[in-house]
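Report on one structure; see the data block that follows.
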Amino acid sequence: MTAESSVPAEAESKPQGIAIILFSGDLEKTWAAMILASTSASLGMPTKVFVTFWGLQTFVKPEKRIIGKNWMQKALAALARPGIKHRKMSQLHFLGMGRWMMFKLAKQYGVSSPAELLEIAQMMGVEFVPCLMTMDMFGLTRDDLIDGLGEPVGAASYLADVASGLAPIFI
Amino acid sequence: MTAESSVPAEAESKPQGIAIILFSGDLEKTWAAMILASTSASLGMPTKVFVTFWGLQTFVKPEKRIIGKNWMQKALAALARPGIKHRKMSQLHFLGMGRWMMFKLAKQYGVSSPAELLEIAQMMGVEFVPCLMTMDMFGLTRDDLIDGLGEPVGAASYLADVASGLAPIFI
Amino acid sequence: MTAESSVPAEAESKPQGIAIILFSGDLEKTWAAMILASTSASLGMPTKVFVTFWGLQTFVKPEKRIIGKNWMQKALAALARPGIKHRKMSQLHFLGMGRWMMFKLAKQYGVSSPAELLEIAQMMGVEFVPCLMTMDMFGLTRDDLIDGLGEPVGAASYLADVASGLAPIFI
């Protein structure tokens, strides 16, 4: 009887993990996602990040300038430079001033940059999974993306994680 | 005993459904919501979409140009044309170029448009529910909205779904 | 046996609470967050709001004009005026016209303003918790923020709430 009644209690005490959809490519939202992902992993919570649409741009290798297979994909990439070091703020951009100040303030107060947090998160076992459909639409190959990402999957794979109990966070 | 101990196990294995709040009216977020909703339903997960604020504009009938009861509501509608076929991208709009390219790439890679996905989602039993308060504020009537939507409700109804176990996703 | 089999049933019927991350400072998203928080509390659901980044600006005292400890923080504050009464719409701003119309329509249809909803939510026991890291980066002190907020905490504290069962909503 004791064993049985403890089953729901265990179920209750099991920490609920998170499954982030990183949809945005804005600097500040990228930052928020990286803080949540690395902190969640450090608390021992199962943590996955499904990177899609503008968010996938963040995971393009920094040295890549021209990506895409046709002229439309190349034009989209040229207009919004990919890579985690080229994220722009959604407002207060002012020729990079707001962005520059944000990084300067972060450094002053010991806050890690998104690129540093990504490294930490990957080391702590956070799984970053690229969206296959976004890769197709933007003409991205596995070689265009940074190392250490999971196999590209579709929305069904992300939702299966949610169905099995990870709490979705759309950023 | 076997029956009893299987209760929590069943509870664990029961797929968790999702309750999307579609708040945004941007093309790419509308697209993301439609992909999540239709995929979730195809996996047999309980799926609801509460459409509110800019998101509700998406569910205005395509033939409606002038909506609203007073001049302010009409002005708001005129400034942001409603309907799922008139969603604009949040960035890279460039007189519709980015949008046009996005649709062309989607077609090329066999990705359904938001309007097609909405139809699929509705056929698969996803319930789209309009926000009553948004309808009031924008002066929208049931007749302004597309067919097949649920009864307009308030935030309390949405939150009751969350309280009963659907995972919220704010888009 | 009856008592035992009722345990999972109770666990099922226990309303799931919500843990909002209010990240945005946009008028309409602030509004959505305040409606969700106050409605959730009115339904007896455990409700917390973690206010971070642009969202924290909303909780600066209305009389504060110059906040921050160094020139960069002061410049950021000057460019985006803080306080719940100075939220701007993300689009249709038009020199405040869209914003003015939105408030006028809200009043006409009996919808409370974000500032009123914040008061209601606080009275109903919603806990608003400022993000410590954001306070550091923007140079904000407890004295700059409105009364009645919880102790400033980091992302770990927010995620502990999620781990213990509150459903995350990122706004």
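To keep things simple, chains are lettered A, B and C as they appear, and every chain counts its residues starting from 1.
We take it that a residue touches a chain if its C-beta (ideal position, glycine included) is under 8 Å from a C-beta of that chain, and two chains touch if they have at least 3 such contacts.
Just so it is clear, the model here is predicted, and its values are computed rather than measured.
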Exercise for the section: Name the shape of the chain contact graph, picking from line, ring, star, complete and other. Expected result: complete
Problem - Fraction-based call for chain C against chain B, same above half, different below - result: different
Handout entry: Rotational angle, Cα trace of chain A fitted to chain C, multiple of 5°
Key = 120
Fill in the blank from the handout: Averaging C-alpha coordinates per chain, one finds the centres of chain B and chain C separated by a number of Å equal to 23
Practice task
Could you check chain A for residues that touch two or more other chains and list them?
Solution key: 4, 8, 11, 167-168, 170
Completion exercise
Touching chain C in the complex, chain B uses residues 4, 7-8, 11, 21, 23, 52-54, 72-73, 75-76, 79-80, 133, 136-138, 154-156, 159-160, 162-165, 167-168, 170
Fill in the blank from the handout: Touching chain C in the complex, chain A uses residues 1, 4-5, 8, 11-12, 15-18, 28-29, 32, 35-36, 39-40, 42-43, 45, 91-92, 94, 98, 101-102, 104-106, 109, 111, 167-171
